[in-house]
């Protein structure tokens, strides 16, 4: 069991709630950090054993800072993922009513998820950016703002009341968090795994993405997320973050990764880990480990 | 010439600087809005004739709110694009020196572009989120924070000094802005055009993205940006924002769009417009308008 | 109704039997020719109105001369196809028994279809080539050879006996014949049609065939036969004969043919005609005429 | 050095001429056989050590019997190939002139290669099928026919004169012969090799050929011949004969063959052998043995 976890704080954020779903996390030391890079640097430097940060949200999309840190920063490895339902509450100082609210604070990611609710319920309130929802709650407690969007679990911590719960425009929103370690051997395959890799396109040539997808397609591998991110070298220069079904130990995944490595300028392996919402993946006929082994035996025979 | 422009304000932002590059914008009425959705709603409602907002940045990537508004909000159309070099300056109250700086404020998008510079030059300063760089400058002028990251053109407006210019980690960063109108006939083709469309995957089936790319590939069309965004229906349910070379009036683009429309659950046409950085696109042999016309003539003949 | 038909003779061949399945052929003039080119030249020159020749056989494969004449000779058009079960009989002069047979004659195409039967039943007989099975029967009647492989319908014509019927190694063999006309408007679509086209590869570049197949694949068209033939310009220089489901009047077929025309050095349209063994083709979602029409309407709208 | 060779006889054919180009063949025993299957059965049964038969011709295309025997007969292996220019001569009994010629005999493959020459020079002569060009020459010597199409080297053997040489319609025609052995270890790679394999499609599903070609394409392998042949199970049921650049010992070829094996119902390896007309193949970036080895090392590292 890891002794110390870093996470995107402060206390009272959804990230802390995600971290607490990990077995043993309750008894471990949990260190909040002000930014994703700070949390990851703590892991890189050895100050903690693990870090938990958000990767994508079913409404807001991927978290650019996390993708960029894991794609281009000093290498870390995903060893697990956590899916957490996102349920915002409107937190206020006790006694505040809807018509008292002139300002609503939150992390910039929370605002678009609650925009229609806010327009309908507090149409005249102005929105204010905070570096986290918990900071927004702290600012409300301090009297700086009138209301904060945050998880209802944060109310008690800051002495606030839940004026409204389920404050979001889309039902069933989920955030996906990842558990990170320093580079290591991947967790053993479970049969319901995912793998993450980052591909740097060679040449930026026109058909590059098609070429990459064919490497997956011929081995029957389903992509669950593909996200382009700028490499920083100018508009039009991208890398691709890809999540896909299967484990690096699977023959089809191994061969696809080798193919990717050959056609790309560079590939970073970001991890293989148990899938959080894991129905067993449909493996296309001819692409499971036994098929690969049979084909390898046949090749050895015909090579004589 | 349009009379009134909406833009992501307040005054003094990069967006205003981009807007001012448009012919006639200097003499037009320019209305700043606090958020991208507010600016776009002003256009939708008829309060303005045009809107200018940021779409992507060569360091930070695409702007999710803009993509989502144009993908899923009430329909608007891109009629032009503007590339603006991004040059951050560190703005302070006159007399402030580097060692006086305890807090640096900016829009969340500016911080990652200047992170290494800040770590090297003001390692102990804390970063604070603002809803815009101009708001950050205003907060500095008000004494709330010590320094702001913003365009140097904002200094005069807020009575601040430029303590350092070229405060960014990557040289040559560019932001791409789009000029929007209500749905209309696209501007006439110039020979150096781009088209934007949004594709909703049918079925979320495994090979859907490959299928989409093949529709472009067989007509020899180069994609310049592909970006997945959640549809909001759950993790793993995506739409694809695609920018590509050519104009909807081009035969190859028209046929690709029709193909896309047939294989996708839905396609939204977001606009055809002159490319900002326009080298003439390389049109693959067999895919220019004359080739399409010759093939159509031949087909008419063999159909008898 | 056509007045005169050319066919690969002489009388008594499978080709004549195929011709006789056509409505009205019984009352028309039927002219046998010694070779496929001679029959086709009679059609080209106007001496006949139609020609019937074999195109492929389920055991022996395609008939090179027919493919080459229709691919590279003066243009003709397929307007129909006929599937005829192939049932060889061993024809002998009355009174001949198996043990009397020292020589068996046939067209070279018949021999491989009966090889195992011959080896088992007349192991010591030598095989002799004839220019047609009917000629072989004639040679038997003339006493030149002892037995002929031919259709049992040929026995009466040459005064021979059927010593054995069902003389073939594979059950259910079928030969496909085509009915040819001079270039004309194709027969009207029936909903169960096939189209034939010949593609000359441009450049002989490596991915050319893959490129061609993608033109079909993106429009959801199933190929039923693909056959490479040398262009005569040297080993490695090929053209492709392709049969596929659908009619040139179908939107998906028309667009695929135009695509083929653009990526190939040349394409020859060889005909659209009712499929002989016609189950209705499975049309992939998004590729029927209504889908094409809806997409074209949409394109017209967005083009403004 | 092999002691005994089988070839498609009789003596005096192009096949014998091809065989004589092999080092040591002049001193070996050379056994002519009447048919390709007979020659191959002699090899299978151990009566000879090697067999030489024609596989394809740049004018006439592939030789169906050879393809079928090697695809579906008891397994044999190609260990070499021979390219032989095809130069037909018109052989006659001494004293015969063009105007005396009423009949011209040849193997059915020779006739179409000389059709235009015959039409121009002996327009009234009838063509007669022989089982080989050498048999045709024998028949001319016997007085059965007036002229034979054969290699000029056959004249002396049968006491005939060369009345005309270069009797063919297309300059530069080449026939490709293969040298066969019983199943064995392939000859060592030379860097300019070819490989032959036969693929049985699984399911006859629509995209099967596209799928097969992608297995080659993603490993950067150029096909030099693809030929569909009926499996005998009915019209529309095909196998694919494929010749391609590279040696089974090459990493990219091995992986493609394994991929083929997984997506096909069955794959037969027919041989790897030095290419007769061997310019060194262009190996696409990322697909040579060193690239495969580097990718395998990387995979081993990330698998931990």
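Observations on the structure shown:
Letters A, B, C and D mark the chains as written, and numbering starts fresh at 1 in each.
To be clear about the criterion, contacts are C-beta pairs under 8 Å (C-beta built on N, C-alpha and C of every residue); 3 or more make two chains touch, one makes a residue touch a chain.
For each chain, UniProt lists the protein as follows: A, B, C, D = Prephenate dehydratase.
Computed from a predicted model, the values in this text were never measured in an experiment.
The minimum number of touch steps linking chain A to chain C comes to 2.
Where touching is counted per the definition, chain A and chain D have no chain in common. Centre-to-centre spacing of chain C and chain D amounts to 24 Å, using the average Cα coordinate of each chain. Between the CA-based centres of chain B and chain D the separation comes to 59 Å, rounded to the whole angstrom. Separation between the centroids of chain B and chain C, computed from CA atoms only, is 58 Å. Each of the following residues of chain C touches two or more other chains: 214, 217. Inter-chain contacts, as defined above, occur between A-B, A-D, B-C, C-D. Residues of chain C touching chain D in their complex: 34-35, 37, 56-61, 64-65, 68, 83, 108, 112, 115, 126-131, 170, 172-174, 176, 206-207, 209-210, 213-214, 217, 222-230, 232-238, 277. Taken together, the chain C residues at the contact with chain B in this complex read 184-186, 202, 211, 214-215, 217-218, 248-249, 254-255, 257-259, 261-263, 267, 269, 285-287, 291-292, 294-296, 298-299, 302-304.
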